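As structure tokens, here come the structures.
Both complexes shown next keep chain A, but they swap its partner, so chain B is in the first and chain C is in the second.
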Partner chain A sequence: MTRRRIVRSLLGAMTLAVFLFMLAPVLVVVFQAFNDSPTSTFPLTGVTLRWFTALPDDPAIVGALRTSLALAAWASVLSTLIGTTAAYALARFRFRGRNFVQLLLTIPILVPHIVLGVGLLLAFRFVGLAKSFPLLIVGHIAITLPFVVLTTGHRLQAIPLQIEEAARTLGANRLQTFKAITLPLALPAILTSLMFAFMSSFDEVTATLFWLPANIETIPSHIMAMLQFSVDQKINSLASALILGSVGLAFVTVLASRALSADARLKRGPRT
Partner chain B sequence: MSAADVVLKGVGKRFGPVVAVADIDLAVGVGEFVALLGPSGCGKTTTLRMIAGLEEPSSGDILVKGRRINDIAVHRRNFGMVFQDLALFPHMTAFDNIAFGLKYRKVPRHEVERRVREALDIVRLPHVGERLPRQLSGGQQQRVAVARAIIIDPDLLLFDEPLSALDANLREEMRIELKRIHRTFGITTVFVTHDQAEALSMADRVVLMREGHVEQEGPPDQLYRAPKTEFVARFFGHVNEVSGTVTGQQQGIWRVALDSGVAIAVMGQNLSMGARTRLLFRSERARVERTFPDEAMAPAIPGTIVSSDYMGMLVRYVVEIGEQQVIVTQAVGDQQLRAGETVHVCIPADAWMTFLPPPR
Partner chain C sequence: MGMASGVVSKSLGTGGQGERILAWSLAAPALCCVAAFVLAPILSLGIYSFWGRLPTGAVDHVFTLANWRELFGDIFYATILAKTLRLAAVVTVICAIVGYGPAYYITLLPPPRRAILVALLFLPSWISYVVRSMSWLPILGKEGLINSVLAGSGLLAEPLPLLYNDFSVTVGMVQFLLPLMIVNIYIGLQAVDPKLVDAARTLGATGLQAFFAVTFRIAWPGLAAGCLLTFILAMGAYITPLILGGPGATFYANLVFETFLSHQDWPFGATLSLVIIFFLAAGLTGYARLAGLSTMFREVRR
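For the complex of A and B:
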């Protein structure tokens, strides 16, 4: 009994240590963002929100944020569209080279981003394309596609074929079956993919640095540029805002997935 | 049988090198209830799926009401199908599940409402319209699946082992229920099952399949009483086997000397004088008696009871006769016999089944 208790407390301590290791640096940043002092101090010299309110006054940050949001939105939406279509084909049709296509679509997850970055850049050069925002989107689609194909594909495979066949015997053609049966059942996974894709595009810096056209900055690349000069409150507050944003997005996605799954339909009560 | 509703002409299906169905000919009459019966892998489900349009035949033609439907897409066939795992749409209420087929038939809203209620009544399942499939019991899900298939007023009803997921009592109940629905609406029905009791009790005609072809088809009692092959004989109930040598014949009745030395009378085909032969009989066609019965009724084989299992209405005896053991099931009667007792096994002459060895 005592031995078991010791094991349990050790396990608890270990868990706590891991959490601290992962979250403490984040907490320090958030903590300092509210510090009244223009440099990081401990303890705080006072509590203020002025670093946050000052963020929108910096046109470079606002511009970078716009770029990042637009990039992530385009990349994640297109990637989800392409990835979901591909995942459907992979899950539902038997065709030659199916395994190869599957491998091709998921391999970017295993390739270091620096390799992707250089590779795509050289490929663009080779065909004579100059760096541009659309090409940046193309690159980000390549990076985010595996998340979509894996997440959505996994869900699609879990939907029994018989359910779709039943819909077809009842008079729905393939497209109607997809709309009425497959899509609603896969929607939570598709939303999760979209969120994944958005976050990983928003966050991506390694490959992005190779693809960025002149005069365009994303948030991560801008932060890297800022870091070359100093770690100041602007960075702390910007980082804190980003953390808040990502946690919020993840939270919203989970809620939305829940609301879309079958459980939620029940709680809404009878229809007639 | 009236005019044929569904006709399969030389229909076959290959999956790569594997032949799932080989040249099947089958005709289902209007309003007929036909069961495709067979062990797993005999091609019965593939045949059903070809009728439904979910598989494309590799060869042959499928005709419904005289029209070739090979190239008609699944969703245009208007066949109601009940799947093995029922395949209810998990994200829709029972109501929406049942109404699904009407959505693609441009049925007006108030009409949908009315017809779903009607379908729920038919399957005797009111008051569950707003529940999701997984909030329903197995039997209720079953009824929703049936309602969903019949609401579209199908030209043909297809069942793919729909009762296999239910427990024994429920299965019995659903059998009666499905039979009732079939009688009420007279929809031509093809029912796939591996359960002989299901096929025998429900179908007007049973098609017993084996390794992609039809082994024998006919009314249930014909398959049971007059099996054409040993496979058919052995498919229903328990079949015992003894062997002996044919020693004589008199007015169509053969005398066979069993290996244990006992002579018995056999009414059967495929026998010839002096030949070694294998004789089959069903466990329920024999009787175990303590006293030696009237010789005129049936010659009796002496034996010893090895085990005696009480099964409620019936008793199952394992009896040793000579070197062999046979199983006999019979009503309990006055008294259950015990293991170790010496008894006589009486088998009527017409209970014996004789088959030529399979040509191989």
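For the complex of A and C:
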């Protein structure tokens, strides 16, 4: 028994170290963003907020932020709509070719973004289309779609069919059943898909660099450009804002999907 | 699914032509997206790789094997490919070794704590890849955290060369791909019924024996999927070497990037990219044979 406990605490320590390795480095960036010195120093030479307050004064950053927000909003909303309907078809219908469709919709997850980037660029050139903002949206839909299909699909699979059958037996048609039963039960997963798609699109850079029209920048592409010149605290403050935003969004998503889950709603009692 | 056999489910559309048409039309938009934005692009890579390039730099729409001849004829490309495959292999092995313990540990935890760690496991994928990569700059740099601490303690006369070399690229890649590896190992471990492990223990196996005879054997598809994904993504990563690599840090994906965006040589760039697709296809075929594709993409339970 004691040996088992030793193994467990060793594994626990290893897990802690690995999580620190994955997450703690970004804290150094946040830490340095408050540094008075323009280059990174340990310890800080002084604490300041000026790198953060300088961010909104940089028109390039504001422009890139606008582009990234618009791109992520378009891509995530469209991807969630398209992906959720497909996931519903896969989870609620048995038709010939279903397994093939399932595979086709999820396998793009495995394709490295550089290949997607290069390929879509060439495919567009093939039919005579130039790089443009719609091309970016379309590419980001392709990248985020498999995640939506998987996340929402898993949730739909987990909803017991009996509940929907009860509704159908009581006379509801398919659409009514979907609206009254399936959609509310799947809502936490749909919300998670939407938020995750938004963040992945916002952060995507590997394929995006191939698709960006000459005069457009996204936040990650702008950071890449800034890194070419020098690493000063302005990048760190921008990166910190990004970290704060994404961790905040992840946190809000977890809380919101919990609040939307059936268990939580049951605990609050029936709607009156 | 937990349905009594023989019961025709009303909500599970099975028969009818109307149902079939409805199912296909619901899936159609997604299928069109994949066909137009994933499959057609890969197909166009294939077409471009057999096209030439005019002296002006424009694409010459005439069949040629020149790109493939250049790829296989010039030792330069083989060298970079070998270097990249080695990096991808090293990163994969490190991720597998370092990631197995935490994935296993999470399965041992009681549900509430397990849910927290699973959520934390997904947290890195919410944070920008560029930001995660650049976070090593103030840590590994000449005046970075590690060198400052070592110099401050009087252990070092000269700072260690930790940044802008293959070491920092490896560190960055491991950090980028480790969460993915752990998630996949964890998915594999979920398939293990704890009762089987208990049975092995009852039959006299030690903890270690039970682990290798039962847990590891049942859970291996997760590890294999993690390795496949890590390897392919490491092969296709150019952002990490761009941020953390030295001046000579040209890995295969950087070559693709430069061929496209600096040299604008699209036919040859397409040829280079197809090699990545080839490795992905080979890995996937092997995986499908050994574990079956249905073991991939399984749900992460909390």
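Definition applied: the second predicted complex is superposed on the first by the 255 of 272 C-alpha atoms of A that agree within 3 Å, B and C clash if a C-alpha of one lies under 4 Å from a C-alpha of the other, contacts with A are read in each partner's own complex, and residues count from 1 in each chain.
Convention: contacts are C-beta pairs under 8 Å (C-beta built on N, C-alpha and C of every residue); 3 or more make two chains touch, one makes a residue touch a chain.
In this text, all values refer to a predicted model and were calculated from it rather than measured experimentally.
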Partner chain in contact with A:F196 - chain B first, chain C second, else both or neither: second
First (chain B), second (chain C), both or neither touched by A:T169: both
Which superposed partner A:A180 touches (first chain B, second chain C, both, neither): first
First (chain B), second (chain C), both or neither touched by A:L23: second
Partner chain(s) touched by A:L44 [first = chain B, second = chain C, both, neither]: neither
Touching partner for A:V77 - first (chain B), second (chain C), both, neither: neither
Partner chain in contact with A:P160 - chain B first, chain C second, else both or neither: both
Superposition-derived comparison: chain B or chain C, residues of chain A touched: C
Overlapping contact positions on chain A, where the chain C interface meets the chain B interface: 160, 165, 167-169
Residues of chain B that touch chain A when the two form their complex: 52-54, 73-81, 83-85, 87-91, 93, 95, 100-101, 103-105, 113, 129-130, 132, 135, 148-149, 152, 158
Chain A to chain C touching residues, read off their complex: 3-4, 7-8, 11-12, 14-15, 18-19, 21-23, 25-26, 28-29, 32, 39-42, 82-83, 85-86, 88-90, 92-95, 98, 101, 103-116, 118-123, 125-126, 138-139, 141-142, 145, 149-150, 154, 157-158, 160-161, 164-165, 167-169, 174, 177, 196, 199-200, 202-203, 205-206, 209-210, 220, 223-224, 227, 231, 235-236, 239, 242-243, 246-247, 249-250, 254
Complex contacts: residues of chain C adjacent to chain A: 1-3, 9-14, 19-20, 22-24, 26-27, 29-31, 33-34, 36-38, 40-45, 47-48, 98-99, 101-102, 104-106, 108, 117, 119-120, 122-132, 134-139, 141, 143-145, 148-149, 175, 178-179, 182, 207, 228-229, 232-233, 235-239, 242-243, 253, 256-257, 260-261, 266, 269-270, 273, 276-277, 280, 284, 293, 297, 299
Chain A residues touching chain B - in the complex, by the definition given at the top: 160, 162-163, 165-173, 176, 180-181, 184-185, 261-262, 265-266, 270-272
